[in-house]
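One chain, chain A, appears in both complexes that follow, with chain B as partner in the first and chain C in the second.
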Partner chain A sequence: MQKKNQTQKKKDYQKYVEQKAPKPKYVRNCIWAFLVGGAICTIGQFVHNNVEDLLGLTHLAATNVTTLVMIGLGAFFTGIGVYDKLGKLAGAGSIVPITGFANSIVSPAMEFKREGFVFGVAARMFNLAGPVLVYGITSSVIVGLIYYLIYN
Partner chain B sequence: MTYLNAFIVGGLICVIGQLLMDGTKLTPSHVLVIFVTSGVILTAIGVYEPLVKVGGAGATVPLPGFGYALAKGVFKGVKENGLLGAFTGGVEATSGGITAAVVFGYLMAILFTPKSKL
Partner chain C sequence: MAVKRLGAQTIKFLNPPAIISTGSIVGPKEGQGPLADYFDAIIQDDLYGQDSWEMAESKLIREAVTKAVDKAELKIADIEFMFGGDLLNQLMSSSFAARDLQVPFLGLYGACSTMTESLSMAAMMIDGGFADRVVAATSSHFSSAERQFRFPLELGNQRALTASWTVTGSGAAILSHSKGGPFVTHATIGKIIDYGIIDANNMGAAMAPAAADTICTHFDDTGLQPSDYDLIITGDLGVYGKEIAVDLLNKKGYDAAANFSDCGIEIFDQKKQDTHAGGSGCGCSAVVFCGYLYQEMQLKNIRRLLLVSTGALFSPTSSQQGESIPSIAHAVTIEI
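Take a look at the complex of A and B:
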C-alpha cells in the first residue's frame, strides 16, 4: 500500500514538473531566427554580387569565395565576443548560416586554449565542425559515385 | 530584389532549423549535420538548384548551401575527371571555405580570449 502510494506520488510529481518546465517560445524564437538569418544572408548576397562582378567568377566559384569571406567574418565576430551575444537571441538564425560554422570552430578553440595549442586549440577546433565535414564530404562522394555510374 | 529574395529564403531556412531545435530533441550539432547532408541530397535530386536560382545567397550561405557547393563540385569533377572527380570535386568547390575555417579559426582563437560570461 505504502509503495503504491509512493509510485503514484512520483508520477504526480513528474506531471507537475512537466507542467512547470518552460516551453520554448516558438513564435518569438522563429521571428528572431528569420530576421537574423535573413540579415546574414543579405550580407552574403552583397559579398557574392561584388565578388562575381569584380573578379569575374562563375557562380560556383563566387559561392566559394563568398563562403571564405563569410567564415572570416563569423570567426572575427566570434573572437571579439559579439557573435555569441547575437546567438543568445537569434538561435538557429546565427547557427545555420555558414558564419555559425565559423563560430562553432572559434568558440571551443578559444575556450580550450589553456589546454595548449595542439591538444587545446587545434584539436578542439573541430569538435562541431568535424562532424559537419565528415557527413558533408562523405555524402557528396557517395552522390558523385552514383552520378559517375549513371553518367557513363 | 535579389537582396529581398536572399533575406526571405535565408530567413526561412533558419526558421526550419529553429523549429527542429525547439520542437525535437535534436541538438544544434545534429541540425547542422542534417542540414549539410540534406543540402547534398537535395542538390543531387535537383531540388536545391531552383532554390539557389531564386534565393541566391539566401540559399548558398546557410549550411545546406555548403552541401549544395559540395554536390555541384562533385558533378563538375565527374564531368571533367571521371571517377577521380567524385573524390576531388567536392572539396575543390568548397576549398575557400574549408581553408578559411582552418586558418581564420586558428588565428582568431590565438588572437582573442573568451569574454567573461555575463
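Take a look at the complex of A and C:
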C-alpha cells in the first residue's frame, strides 16, 4: 500500500514538473530549420548542377561528387567552429542534411584528439554516427533483399 | 555520546570553526557574468595553458587553494588536510591537484553538492580537534563536463531550455579556529531523494525535492525558521528548479520565498549569456560562496546564511540504462 502511494506521489511530481517546464518556440524553430535546411539543400543542388556540366559527369557520378563536396563543407565548418552555432539556430535543419552527418563524425574526432589518434580520434569518431550507420546500412540491405525477392 | 548531534540529520558545532580565507577562480564566461568583481581571478583562456580540459580544471583547483592560502598569509605546508572533489571519473581534477600540492587528501564525490559536503567534513575535523587548518575545495569545467556527460563541443545540436550550463571555476575555503568569523555553526547532511525524474536535461527538477527535504529537515532539527536567515541559497537548481523547491517547501509549511536564491541563477545573466536554466556543477556553489557570499558576509551584508549545494548523482551509464536521477543536498549554516 505504501509502495503504491510512493509511485503515485512520484507520478504526480513528474506531471507537475512537466507543467513547470518551459515550452520551446516551435514556430520560430521550424522557420529556422526550414530556411537553413533549405539553404544547405539548395547549395547541394547548385553543386550538383555545376559538376554535372563542368566535369562532364553522368547524373549518378555527379551525385557522388556532390555528396563528397557537402561532407567536405560540413567537416570544414565544424573545424572552424561555425557548424555548432548554425545547429543551435537550425536544429534538425542542419542535422538532417549530409553536412550534419559530417558534423557528427568530425566533432567527436576533434574532442577526443587528446586521447591519441588510435583510442581517441579513430575509436571515438563513430560515437554518434555509428548507430546511424549500423541501422542505415542494415535497413538498406533488408529493403534491397525485399526488392530483389519481389521483382525476380 | 553524540553531544553534537541535533535532531535527525543535523550537526551543531560546539566550537564553531571559522572560515579564515577563501580563494575563487573562474573561466571567461563566468568572468562576464554579474558576479565578476567578486572573484580572485578570471582566466581568459579556458584551456589555462594546459593540454586538456581535465588538466585545466585541475590547475583551477590548485590555483584556488593557493589563492586561499596566500590570502590567509599561510604556506601550503601549513594546511593539514584537504577535502576535495569534482565531477570527473575517479575525481581526476582534484586528485591530480592534490598530487601537485602534496597536502594529505580525502576525495569526496557528491556531484554538485560536494562544496557543502567538503565544508561539513572540514568543519567536523576542526571542531573535533583533529586538525587546525583544513581546506575544502571543489571544481568543475564546462568542457570537461560536456565531454564526460553530454556531447562534443562542436556538435551542432540544440540544448534543452531546462538544461543548465556547467560553471568553469574552482573555490577553496580554509577552515580553522579563529576569533573572527564567519563561522560554520550547523551542518545538515541530506538523504538521497529520487522522485523518478529521468531527463538529464532537467536536473533542477530532479534535485529540487532533495533540496526541499534537506532544508525542511534543517528547520525541524534546529527549530530555526526561514526568516532567521538573511539568505537561503541552493547550489544549482536553476530557474525552474528553484521555483519547484520553493513550492515544495511551501507544501511542507515553510514560506522561504522572500529570501531564497540559487547560486546557478546568481552567477550568470540568464538573458544575455544564453545559459538557459542557469549555472551548475561543483564549481557553481563553490565560486559563488567563496567569491560573492563570503565577501558579503565579511561586509556584514549577510549575517546568517544557509548554503545548500545540490547534487544529481547520475552517471552516463545510469542514464543510458534508463535509471532515474538520485539527488542529494547538504546544508551548512554560516554565521558572522
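The rule is short, and it goes like this: the second predicted complex is superposed on the first by the 135 of 152 C-alpha atoms of A that agree within 3 Å, B and C clash if a C-alpha of one lies under 4 Å from a C-alpha of the other, contacts with A are read in each partner's own complex, and residues count from 1 in each chain.
Please note the rule applied: contacts are C-beta pairs under 8 Å (C-beta built on N, C-alpha and C of every residue); 3 or more make two chains touch, one makes a residue touch a chain.
Fair warning: this is a prediction, and the values are worked out from it, not measured in the lab.
Student: I'd like to know which partner A:Val106 touches here: chain B for first, chain C for second, both or neither.
Tutor: both
Student: Examine A:Ala39 and indicate which partner it touches, taking first as chain B and second as chain C; both and neither are also allowed.
Tutor: Touch status of A:Ala39: first partner only.
Student: In the three-chain superposition, say which chain, chain B or chain C, touches more residues of chain A.
Tutor: Between chain B and chain C, the winner on chain A residue contacts is B.
Student: A:Val17 in the overlay: touching chain B, chain C, both, or neither? Say first, second, both or neither.
Tutor: A:Val17: touches chain C, not chain B.
Student: Quick one: is A:Asn64 in contact with chain B, with chain C, with both, or with neither? Answer first, second, both or neither.
Tutor: Touch status of A:Asn64: first partner only.
Student: For A:Thr78 in the superposed arrangement: first (chain B), second (chain C), both or neither?
Tutor: In the superposition, A:Thr78 contacts both chain B and chain C.
Student: Between chain B (first) and chain C (second), which does A:Leu86 come into contact with in this model arrangement: first, second, both, or neither?
Tutor: A:Leu86 contacts chain C only, not chain B.
Student: Just checking: does A:Gly136 make contact with chain B only, chain C only, both, or neither of them? Give me first, second, both or neither.
Tutor: Only chain B is touched by A:Gly136; chain C is not.
Student: Touch check for A:Met125: first (chain B), second (chain C), both, or neither?
Tutor: In the superposition, A:Met125 touches chain B alone.
Student: On the A-aligned overlay, A:Ile98 touches which partner chain: chain B = first, chain C = second, or both, or neither?
Tutor: first
Student: Of the residues on chain A, which ones does chain B touch that chain C also touches?
Tutor: 24, 29, 78-79, 81, 84, 91, 95, 100, 104, 106-107, 110-111, 128
Student: Over in the complex, which chain B residues touch chain A? Could you list them?
Tutor: 2-3, 6-23, 28-29, 31-33, 35-37, 39-41, 43-44, 55-58, 60-63, 65-67, 69-79, 82-83, 85-87, 89-91, 93-102, 104-115
Student: Taking the complex as given, what residues does chain A use to touch chain B?
Tutor: Residues 24, 26, 29-30, 33-42, 44-49, 60, 63-72, 75-76, 78-81, 84, 91-93, 95-102, 104-107, 109-111, 113, 117, 121-122, 125, 128-129, 131-133, 135-137, 139-141, 143-148, 151-152.
Student: What residues of chain C sit close enough to touch chain A in their complex?
Tutor: Against chain A, chain C makes touches at 51-52, 147, 151-159, 161-162, 195-197, 202, 205, 209, 240, 243-244.
Student: Give the list of chain A residues in touch with chain C in this complex.
Tutor: Contacts found on chain A: 9-11, 13-14, 16-17, 20-22, 24, 29, 78-79, 81, 83-88, 90-91, 94-95, 100, 103-104, 106-108, 110-112, 114, 128.
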